[in-house]
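Okay, so chain A shows up in both of these, paired with chain B first and chain C after.
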Partner chain A sequence: MIALKTFKKGGVHPEENKLSADASIQKLSFPKQAIVPLGQNLGAPSKPLVKRGDEVKTGQLIAKGESFISANLHAPFTGKVLKIDDAIDSSGYRRPAIFIDVQEDEQWEEGIDTSETIVREIKADKQTIIDQIKNCGVVGLGGATFPTHVKLTIPEGKKADYLIINGVECEPYLTSDHRLMLEKGEEMLIGIKILMKALEVEKAIIGIENNKPDAINHLNELTKQYVGISIQPLKVKYPQGGEKQLIKAIVNREVPSGKLPIEVGCVVSNVGTAVAVYDAVQKNKPLIERVVTVTGKAVKKPSNFLVRVGTPIQLLIDAAEGLPENTGKIINGGPMMGKAITSLDVPVVKGSSGILLMKRDESQRNSPQTCIRCSKCTMVCPMGLEPYLLAKLAKLSLYERAENEKIMDCIECGSCQFTCPSYLPLLDFLRLGKNKVGQLIRSRK
Partner chain B sequence: MYALITLGLLGTVAAVILYFVAQKFKVIEDPKIDLVDEVLPKANCGGCGFPGCRNFAETLVKSANEKQSLEGLNCPVGGNDVMKEVASILGLEVEEQDPLIAVIRCNGSKAHSPVKANYDGPSTCAFAHNLFAGEGGCQFGCLGLGDCVASCDFDAIHMNPETGLPEVNDKCVACNACVKACPRGIIELRPKGKKDRRIFVSCINQDKGGVAKKNCVVACIGCSKCFKVCPYDAITMNNNLAYIDPIKCKLCRKCVDVCPTDSILEINFPVRKKKPESEENVVETKKSMAVMQDTKQDSNNESQS
Partner chain C sequence: MSQFIISGSPHVHGEENVKKIMYTVVLALIPAILVSIYFFGIDAVRVLLIAVISCLFFEWVIQKYLIKGPVTITDGSAVVTGLLLAFNVPSNLPWWILVIGALVTIGIGKMSFGGLGKNPFNPALVGRVFMLISFPVQMTSWPVAKPLFAESITDAITGPTALGLLKEGLDAGKTVDQILADPSMPDYLDRLTGNMGGSLGEMSAIALILGGLYMVWRKVIDWQVPFSIILTVFIFAGIFHLIDPTYYVVPSFHLFTGGLMLGAIYMATDMVSSPMNISGKWIYGIGIGLITIIIRMWGAYPEGVSFAILIMNAFVPLINNSFKPKRFGMVANKK
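For the complex of A and B:
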């Protein structure tokens, strides 16, 4: 048997805990009030187009992304705009959002195909596809929420030859992409075809970790009808879903420090994004819903929900049969990269992939000891950095030196902190350092 | 014997070369710099805005030679005495400056702003500030992890474990280190005031009143009552927040009386006879008042001791 492909440098293998892998995607009921934050994408927040008291239909454009890296925002529900005010986001900070009083009977904006029938024929040409993706507010659903139309606009002089689709889902616990591949495989493949047309590439490779054999088999069956799309099973290793790691694993190319994947002729997109692209181009349906996993060892019913953006997290937890009593932490995202939230009123946004409820005993941190120079963090760092050194530099505010040591290459995967036998908060200090160095770089401009 | 001679010769040759080199690269320094440097406190705190006392001494002498004035240059550690001495060395005069002290513009103690989410990450405000709004939910308030304490070279700022807030004592020399260290900009340098008495708004929350009050009972809610009552136009309202100009303020304490949330603090004033309070206020701030008086007494005691 040939050894499975994977990236070479570093990586860890945390417990997989894919508790909700067999739970099929369920539609979630609507909330009474929805909170739609304006800054749901990487880059500039969208500018609101509606005002207080306006009636909105589902799918109606309510905020426009005006700058280059920005995305449109559409009403996820039919109802009345209550106010445009600050609402807390997952970190507890207050950011502008549109509050919508949700009506029960739903009316879709005209021109949106809400039927379930699959449209296979791709009529749109390259520019129409990109425009349609831009209009429908599609962003990368892997978590970084980078506007997809920007990714598809390839800078002059560059040429993409591979489209890599990220179906890795290397974060433990999360299963939203897994379920999406199983249940919306066909839509996803058409979405990939559309992306291939927009990028003018011949080959697309879907990378899937080997712990999802059902998805691999299912898609292998389906891809027989789609020329140019192939499936690449990968060895289970975290952080394989990182853009640069995935490129290394699949086509064995290394993205230079500080550069984008297009530098080595690759464009990476998430499976969720491919489905959103299908919806946008074939059905004219804007990105207003996504699959969110609600999971945790104490959760009674770990589930995958198809949730409209703006739904409070409280509703998702209720649907998974409530908050377990001994919950210590509620994490937005996966256990490795997610962040704990401070309130249940926080809404689901385009970038939410999962809600993880951790028990009190497993959520507590061990008290940090001194570094014993075991070099484990350096060995597991997938970017080949020296996390102990960078964390120390950040702690001592030596930001110029940290910049020279390539702190900005850190992908914040958390492998170093996961593996540290002294329980040092390495990732925390790396994040602090990245933030400060980022400020430093911006101040130079 | 040979060894002695060779070494002796080598030594002499080297001495002659070194003498000429020293003559060639001689740095002529104003002797006043040494004199000024001697007078300065040698704290090397950077409070003057220059890297170290020596550099400040150079700047002072340079300014005296070029502009014949010491305007804009001040050693906050040495204060007026040191600046007078410096001026006399340089044959100039300096204006007396009011001594400053750091004040903490947040009173969101654990009692005033109850903990809603526990934080168990690394104990630095700089990181916590990037991560989340704070344990009490106020996105402007003190995080209580003590970056200011770590930055202080003068042992002048300490965390009060009961309130979870830093407290400044008399050792403060207004070197600005804590002001720079605080990621939220809570600490401000204000004039010490006559008899060490100060009045300031102990809150920098710019949220709307309702939101601010929800997170913290002593938040400034931007009601403008103090703004209206102030006879000296010392108070300005900006973004739902009152600010008292320390220069215009005549310490009449009218604003302290009208503040519905007790977010304006008076420091080192004699205890007044309490007027009977309106019922509303009693209900809302009964608990907080008790705590606040405690903390006030604490700070009084500390500054006296």
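For the complex of A and C:
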């Protein structure tokens, strides 16, 4: 047994509540109408290539990523474009989306391999891999949705030593990555091999928290066939899935403030992304579906579904045997970093890892009391910041001081607010502060 | 509009809250409370009750009639303050002095700054030092500990504390060895278990350490503050003991007498008035240790922990500004 590693600074241990850990991935049925938002990736939204009335096939390119940081978007269903209009997304804003009337019998775009056979041999060369990932609209599926082809394009003068694969899933409740590792382990490893080829690295390390011993054992078995890929079991601690924390935990390197992982020779990718890379390169299959966990303490059947992008979450909740009566909050993502959503019409996007239904009595925040200066927020901050101070500076609009106190290093993990005995909305103020300081920095350019 | 609650992440909260923290401290104080009752009997109960009830009463009066804001006496902070105040006085203190002390503690030490979380100084120590300066005779006449079940020798004996004996002896020109050999000086075991004269709660080092370990385990206090105070006292006193053992007593004497354990574990660690960062906690603890020994060795008072803590309390904002936590990603990476 390899010694467990973890990151050193800060961190908390929320109740894990992995209710759906044993529910194998099920294919979800198709909706009547799909809503495909154009801005599903970090960076610029994709530009639509279709118009009202167009017939689309599954996997057909329907919107193109034109600027440097942007991604392609493909039709997740066969059907007719109803309109391009604004729709509420998980942020609560109305943003442009392509509405598709879904047709029952599915027709795939030509050249896509939809079979289940595993293609092991990697024929594509470095450039083909990157192009194919770009064409297929692959973005980081861990939640940040950063376009993968951009990540693979290493800046001049830098070199990657390690590819680090994030199988941590430190968010409570969520199990989509866990199930993926168990059920698509082989595809994932081939995907990792492809990423290694594109990055020209010799070593890839998959970090998995040891609350998933089945995934660790399964992948340990499988990696025997794959040279250069190893598994690193990690101690359970939130936010270990944070890029910087994961790098620190696995290779003990610290990404400098304001810099990217490549600065310390690392590239981090999520297990889901590795599977999407496999699909893109080996099967020519664009990213149109992902695994989404539907869970919550009152949910009758906590499940993991393989869902097409654009499916309204109502359908997922129905498949998990309905919305519990006492639901007070619906969260897109996990309880620590997920976003509360306003409506059941919000569609699944590339970045949706789970739908968490919280009971009404667990949804309400406790009313904030006065800060007792216990310094717990400072002790748990994984970035070594002083949340109590930054929140106060943001409250007082002292943005320049907040900048000097490194507010922009905040990764919004929420550990401070989670731990605050006075129930202070620390992260609310930190977000406000980051927003204002960000404006300040941009205005100087 | 929407039937669902919308709020920013995180959507879950840990188990900790202010009330829990305060009652954890109360729980941690129970061993020391029991020891004080064992040694001082009904007097200890009387002092504890008067202090706690007065603190709660003054907080309630001030919040309700002076500030006219929400009353938060159930949060447990006034109970903790009251207990600590009682721990810092002799068991035979007249009740009216204690009530005045509680008024100063809550009124000036805590509420005048805005209540819980705002006070720069440890309120119980503000009250204690006020009483020490205003009523020096009553505050320094220490009833000798009289274990509950032991045969009572004489009633109402008062005598100096071990530190007081030391100071008097040194002033009279005796050597340390002569002073320690004096029959009125409590021996080692007595000093450890608290079988000696002194304030209510500073008696038994073992009981205080027990409570301290519990608080560290429950993460209510950080070990750095008590540890750095005790270590500094030990090293600093040790250096002088090595230089002149006839004038400077062995360092362990300093650790188990007077209010050092009480101060280091319960008073200096007060969340509100201690530093926020680990490096700051070390500086703060070292400062308290140094000042304590300086006062004990060369000051006018035999005891210096209270003053040391209050002095270092005043430096806390400066310490917080000067000693920042180690930020992530600030080290030069060797690639």
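In this text, the second predicted complex is superposed on the first by the 442 of 445 C-alpha atoms of A that agree within 3 Å, B and C clash if a C-alpha of one lies under 4 Å from a C-alpha of the other, contacts with A are read in each partner's own complex, and residues count from 1 in each chain.
Simple rule for what comes next: contacts are C-beta pairs under 8 Å (C-beta built on N, C-alpha and C of every residue); 3 or more make two chains touch, one makes a residue touch a chain.
Computed from a prediction, not measured in an experiment: that's the story for all the values here.
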item: First (chain B), second (chain C), both or neither touched by A:R365; value: both
item: First (chain B), second (chain C), both or neither touched by A:K339; value: both
item: Touching partner for A:N435 - first (chain B), second (chain C), both, neither; value: first
item: Partner chain(s) touched by A:L385 [first = chain B, second = chain C, both, neither]; value: second
item: First (chain B), second (chain C), both or neither touched by A:P256; value: second
item: Which superposed partner A:P425 touches (first chain B, second chain C, both, neither); value: both
item: Partner chain in contact with A:I331 - chain B first, chain C second, else both or neither; value: second
item: First, second, both or neither for A:S91, with chain B first and chain C second; value: first
item: Chain A residues contacted in one complex by chain B, in the other by chain C; value: 92, 339-340, 342-343, 364-365, 425, 428, 431
item: Residue numbers on chain C that touch chain A, as the complex places them; value: 1-2, 4-14, 16-18, 20-21, 72, 75, 77, 115-118, 219, 222, 271-278, 324-331, 333, 335
item: Residue numbers on chain A that touch chain B, as the complex places them; value: 86, 88, 91-94, 339-340, 342-343, 364-365, 368, 395, 425, 428-429, 431-432, 435-436
item: In the complex, chain B residues that touch chain A; value: 116-117, 120-122, 124, 126-127, 130-134, 137, 139, 207, 211
item: Complex interface listing, chain A residues touching chain C; value: 9, 12, 14-15, 92, 172, 244, 248, 253-259, 263-265, 327-331, 333, 335-343, 356, 358, 360, 362-366, 369-376, 378-379, 381-386, 388-389, 405-406, 409, 412, 414, 417-423, 425, 427-428, 431
